[in-house]
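Let me give you the structure first, and then I'll get to my questions.
Letters A, B, C, D and E mark the chains as written, and numbering starts fresh at 1 in each.
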Amino acid sequence: MMLEVDKINVFYGAIHALTDISFNVEEGEIVALIGANGAGKSTSLKTLSGLLHPTTGSIRFLEEDISTKAAEEIVRKGIIHVPEGRKIFAPLTVMENLEMGAFLQNDKDQIACDIRSAFERFPRLKERQNQLGGTLSGGEQQMLAIARGLMSHPKLMLLDEPSMGLAPVLVEQIFEIIQEINKQGTSILLVEQNAKMALSIANRAYVLETGSVVLEGAAKDVMENSSVIQAYLGG
Amino acid sequence: MERKNQNPIVNWIVKSKILGILFFVIIGATAVFKLGTALLDNPSLFLQQVVNGLQLGFVYALIALGYTMIYGIIQLINFAHGDVFMVGAFASFYSISRYNVHLWFQNLFPSVPAMLAQAIGAVTVVLVSMVVCALLAFTIERIAYKPLRTAPRISALITAIGISFFLEYFGALGFVFTPNYITYERPFEVTSWYIGPEGFGSIQAGVATPPHSLIFSNIFLIIVLASVFLLLVLQYIVKRTKIGKAMRAVAYDKPTARLMGINSDAVISITFALGAALAGAAGVLYAIAYPQVFFSMGIIPGMKAFVAAVVGGIGSIPGAFIGALIMGQAETLSAAYISTPMRDAIAFSLLIVVLLIRPKGIMGETSSEKV
Amino acid sequence: APAAAEGPAAAEGDTIKVANLSPLTGPVPTFGESTKNGFMMAVEEWNANGGILGKQIEPIVEDSQCTADPAVNAANKVIDQDGVHYIVGEVCSSASIPVSEVAQEKGVLMISPTSTNADVTLNLDGTTKDMVFRACFIDPFQGLVMAKFASDQGYTKAFVMSDQGNDYVRGLAEVFSEKFVEYGGEIVGSENYTGTDTDFSAILTKVADSGAEVLYLPDYYNVINLVAAQAKQLGITAVMMGADGWDSSDLDIAAADGGYYSNHYSPDDTRDVVVDWVSKYTEKYGATPDALATLAYDATNLLFAAIEKAGVDDAAAVATAMESLSYDAVSGTVTFDEQHNPIKSAVVLQVKDGAIQFVASVAP
Amino acid sequence: MNRLNKTSIFFLVGAVLVFGIVQALISAGIINSFWSTIVLLAGVMAIVSLGLNLIYGFNGQFSLGQYGFYAIGAYTAADITYRWVQLHSASGLTVILMISILVGLAIFLIRGVVSKIRGMDTLSAFALYLAGVLVAIFIATRLGMLIANPVTALFNLMPEKVAQYVVYLIAVLLGGLIAGEVSFLFGLPVLTLGSDYFGIATLGFTIIVKVLLDNSDTMLGFDEMKGARGMIGIPKITTWATVFIFLLITIIVIRNLLNSSYGRAIVSIREDETAATSMGIDVAFYKTITFVIGSFFGGLAGGLYAHINGFLHPNTFSFVKSFDPLIVVVFGGLGSVTGTVGAAFGWALVLEGVLRLILPEGFETWRFVIYPTLLLIMMLLKPNGLFGNYEIPFIRSVVPPLKEKKADEETAKEVA
Amino acid sequence: MAENTNTTPILELRKLCRYFGGLKAVNEVDLVLQPHALNGLIGPNGSGKTTIFNVITGIYEPTGGEVVFEGQSIGGLDPYIINQMGIARTFQNIRLFPNLTVLDNVRIAYHTHAGYSMSDAIMHSKHFDKKENELTEKAQDFLRVFNLQDRQAEIARNLPYGEQRRLEIARALASSPKLLLLDEPAAGMNPKEAITLMELIHFIRDKFDLTILLIEHQMRVVMGICEHITVMDFGQVIARGSAQDVQKDSHVIEAYLGPGAAELSKQYLKERKQ
């Protein structure tokens, strides 16, 4: 088991955002987390990546408890979180944003090589490589965020709504890329509003509702679940 | 909504912004006229004043660099910076007059040429101050700023003011530093040279220098070299090195920086230490140039350097440098040729005018926020 | 701050409370420090000799920051909270003036050791505030002394520098300029700076260019130190002259070498009070007393002598006694004129070869 | 029914009580002049800080210029009463009155013209205003001198004390007005700067004002102000009653303003300037008006201040001191009226009062070591200020209850 | 009454350009919006859609060309004037007044119609009370439309994402526009929520007699409700027409929709008919 989340509880001050949530990710899997706005999907990812800490429960990554570790340490262990809302470093250029993604990497040649492959994957970024991140369009920023996340060769990638605000052609492309990344050996935990798309590429899925897991199972099964169709997949 | 049917003359006036330009032209012209006549009147005197202004400007630049660095990274107007600068000056004062740090090399290797030994000694003194200040800033950061990371920006500004008061008045206590003005013993001798129609030579006490010559000292040279050197180093660190880029990333968005594996607390501490080290170096050089140390010596230069840094463009290192040079010239030339009592008023007016023309400062980056 | 009562368990009424307002914080704490030292020294001496009128003196020191509001607060505090009838202070005129009005209003006797502004002892209509005295020269005298001295030495071209924001410096500079011309000299330039300046090169460059023989700079030692050092760097040969502000153990004797200044007394003076004062102070505080400490010591002594002369612990009576007092102070035998300014002579000293040397004495 | 509700009555009763108790204690001599002076200074500090809180706390413009306006108000008011008391002339009053009226008029006239010309460059507008104001001042001075004698005679009809008090009240108001008008002129170009740049420009303003005051006798020609020697001869007639009433008025005006559509427009600019302007808020106008109102209170407080100790010195308005109101505002809680008032009194009473009393002999200098230490500890414990954004019920804006449903509601339900 | 104005467009862009340095973010765009129409603006990321909004609303000055609103050229005017003339918008990245209540967010947008003077406010006059009550009721009505009335006392920052989006539209509406610009209103919503929003947009268009221009990447929304669609790429218009027309356009498929989209779009059209 690569990632095991066991009954974690997370609070924002007095707000109880996650209640006894458990889920896991196996090596090589794509796992989808779906749920309505405010269900706690982003909170789950923030907890995994160490931006938040659970009050109770445990998070084990590769057999090690990481629930109290700082965010920067967790990155070292191989978990990368591509946050909701892109979170590009606005005053840094595209190139520098990518370099920040490789912050823990010390091998210059490797970094150069990774940047090259990022540009191959997203030619648009190459055109804009010296533009400030903050002035990119929304879609460009999303591409940059994913590319930046890949720079550290993560073992597990947490993607928070990667298709948000992207043109349909790019959405398809992004999902292809996710699959490709996965094939190359990175496990993926995917949060998506576009549940149909997400479920179509995921192995397994969890459905969150107001801070609890209400349904879990193979992606196929979840996709056919009537209440899921009713609530998330649209009429 | 009666936008149409505007009088063409009115329209022209509006479009061409002629009134605003005229306004500045009139003000500017009077100043230029005054300075111009001064230059024609006595060119060597004028040039000497420019040199004087340069020395002051480069000193401001040294302080401004550290200011802008901290300001650029954590958006904190570190009002205690001037006081760290003061501590730097005192540290060097004690290391020179109590511990003879500036002589260590000379004492160890008496055979080495005096010039070299002195230089090494002086550099050591500067380094000692830089380290002391870095440590001090590190402590301050941990105590007073770090707990306020998530608080509104202004809270940290108030603690900065608090720290500033504290350093001053704690320093003024008899058993800490002293409330007195103390004459500063320089780590090396001052030599002044003149250069002019009569040629080049060094100035001897009691002997009149030839007229119409330009006078400058080794202190001037050292300050210029040191500030240019530190400018380049800093610019390199921030723009080119990984830690520098990490600083900018942290400056913009701490949580996301942490998601990249950047230890944002460490980066901020390093930034502070670096900024303070610069303040320390500035403190030593300032004390060498104006050989006196006292507990409140940091307030005025700190404030002026800060204003210069902002006018140069918040967070821009070359901007701080240019702003400081302008500040130096503005002060010296208005003191020399316009009005001494109104000097500060003139200098600050000029800086406000610069801001009006370039609202983001001279080298200010255009807003990176996209709507 | 409430002082621990001197002497064994002095009951209320057994002591005479005297307050000192000194700028212990603010822009010039070093002045405050000296003033407080001088004051405390006088108090301790009198107490050691049995106090005044058989009562011990209870000193109360309060910080007045050289600024109007805190100084008034401090004055109100010592008067209303502590019930003091006598105040020695403040140092800065800008604080002494509002304090003098409080003192006058509340019938408390005040003697400022060092405030030179005429308004301290005068009402707006030119009448004298009957409860307010000072122990220092007012501005004109020292300026005149130095102008006369300079022209006696044969100098004819002087350059005057003054701090526009400091009425002490400004007053002296104005009088010097006026008198020097009267004595046949020429003012070849005059420039202003502000008290927080450290860079004087712009002005000094002009000094060099003006061909001045004398640079008159009646500011405090801290400014002198900076100006002297920079003047040296710029190869300036004019002789520096100044006033009692120079008088400090922290004066940079090397940089100011060759300069002259006017003062209240000469440390070479062999009068007992002077020798005593200098040696006791040096012993206690580890530095030779500066002008501020000396004047505070004198002011305090004048006050105590007046109380003794009046024979009662009553501010109004003491004020009357003070008017006709003649007292042998460190800075000479002091009597007061009708504007409550001391009448005493000045000396001219020279900084030479690492020491301060007596040059001349000038009576008013 | 909203007009005099329970909280308003409660507040007014409370205010009267506070006033009465303090006044009684002062009259009885229980609060001696040491404490009463501090209370007056605290009240004045509260007014200055409320002005700054409006500018910074509510409008989001980081200003270090408040003490500049405070100084302008103080010297303006002092000059008027000085001339009245010492020179027995209303010339200060009439000239400054005329100036404030004519300059105000000029500003309104020019604003009428400028607002018609859309897209006028700010600096051009500034040049226009400046020219207009200079002309207005020129005319006003002549006019003021012209009517000075008759007005003096008029005032002399009143009993001396009354006349003096009336002159004083007008002087205080004029101090505020002049400060407001200066802030308009200065703010016009400078308010277009982003927040921190604005802060620097206002810091520059404070320094410029201080330098001008240092040279008020030589460069500006006001001999009675005596430049750096300090201005004396100002009557000491500010009392607890006056300070209290002005403070009360300030609180009520700010409260009423904030709880109106104008106040919300002001606050929206702090929240998000781009969104505000996109929602039809004239950002430049509201920034200017807020700055003017805030500075007006600064000037007003200055007028009151000048008549407490009867002595003005430029050093009181130095830039280091100008941090005081900022400290008070942040200390009380940025954007809290209650907090500002509380902090102003707490700050003055502790710093000038309590600390003086408790420090033992020989530790006088520790006052300024303890003060920043206290400040630091407080900020660390309460980073959002003592009161955060708490307001007493009178000041707090209440969210009105939902009115009975209208016809729309069904449609809304069916849609959402 | 929509009929009389049918002939004159409410908004017209004529050869509108906006460059950033060398980048031609918007390049000679012509666009005509008829009153009461529901228009879509789509295009790949970075094609200049948001920039067009920014130019129309006065955040950016046009580099060239003209923006004509109801017959008046408005290019380069201040945003607040443009808003007062009748154009309101929402932002791609939500920009509420985060620390104010939901009610105040809406009341601020209604500010121009407050109907009392500043001195009324300061004196707290009777007139003020009356008008302020009216204003508040009006604001509450807007909240009702978006089913936010129970949230009125909430601080905007604390609302869930979906409600923030709705509040932003409510706020824009409160400034009483004739033309409403919505920048990706359904971003971050799941398809179910998006459909609800779509219906809401339809509803307010009719209720307030608005013209709407919306940017959106969720084709379900765009194809479902837009009567007229403009497609941009590299700052230029590459296609325009009805949903059907645009979807068939090969440029559009290539640049934006992607090959897999043809299938989906049929489904959206079906949904729309239902």
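Rule of thumb we're sticking to: a contact is a pair of C-beta atoms (placed from the backbone, for glycine too) under 8 Å apart; a residue touches a chain by one contact, two chains touch by 3 or more.
Fair warning: this is a prediction, and the values are worked out from it, not measured in the lab.
Student: Taking each chain's centre as the mean of its CA atoms, which one is farthest from the centre of chain D?
Tutor: Relative to chain D, the chain with the farthest C-alpha centre is A.
Student: Which pair, B-D or A-E, has more C-beta contacts?
Tutor: Looking at B-D and A-E side by side, B-D shows more C-beta contacts.
Student: Taking each chain's centre as the mean position of its Cα atoms, how many Å separate chain A from chain E?
Tutor: 30
Student: Please compute the C-alpha centroid of chain B, do the same for chain C, then give the distance between them in whole Å.
Tutor: Roughly 36 Å separates the two chain centres.
Student: Determine the centre-to-centre distance between chain B and chain E, using the mean Cα coordinates as centres, and give it in whole Å.
Tutor: Averaging C-alpha atoms per chain gives centres 48 Å apart.
Student: Find every residue in chain A that makes contact with two or more other chains and list them.
Tutor: Those would be 135-136.
Student: Specify, in ascending order, the residues of chain B that touch 2 or more different other chains.
Tutor: 3, 169, 172, 179, 299, 341, 343-344, 371
Student: Touching two or more other chains, which residues of chain D qualify?
Tutor: 118-119, 214-215, 218, 274, 365, 368
Student: Where on chain D does chain B make contact in their complex?
Tutor: For this pair, the touching residues of chain D are 62, 116-128, 130, 189-190, 192-194, 196-197, 199-201, 203-205, 207-208, 211-212, 214-215, 218-219, 274, 319-320, 323, 326-327, 330-331, 334, 365-366, 368-369, 371-373, 375-376, 379-380, 383-385.
Student: Sort out for me which residues of chain B touch chain A in the complex.
Tutor: Answer in residue numbers: 242, 245-246, 248-249, 251-253, 255-264, 365, 368-370.
Student: Quick check on the complex: what are the chain B residues that touch chain C?
Tutor: 42, 45, 48-49, 52-53, 55-56, 169, 172, 174, 178-183, 190, 192, 194, 203, 205-209, 215, 217, 219, 286, 290-292, 294-297, 299-301, 331-333, 335-336, 340-341, 343-344
Student: Quick check: in the complex, which residue numbers of chain D touch chain C?
Tutor: 32-35, 37-38, 41, 86, 214-215, 218, 227-230, 232-233, 236, 309-316, 352-353, 356-357, 359-365, 367-368
Student: Any idea which chain C residues touch chain B in the complex?
Tutor: Within the complex, chain C touches chain B at residues 24-25, 27, 29-30, 32-33, 164, 191-194, 196, 198-199, 201-203, 205-206, 208-209, 221-222, 225-226, 229-230, 232-235, 237, 250, 252, 255.
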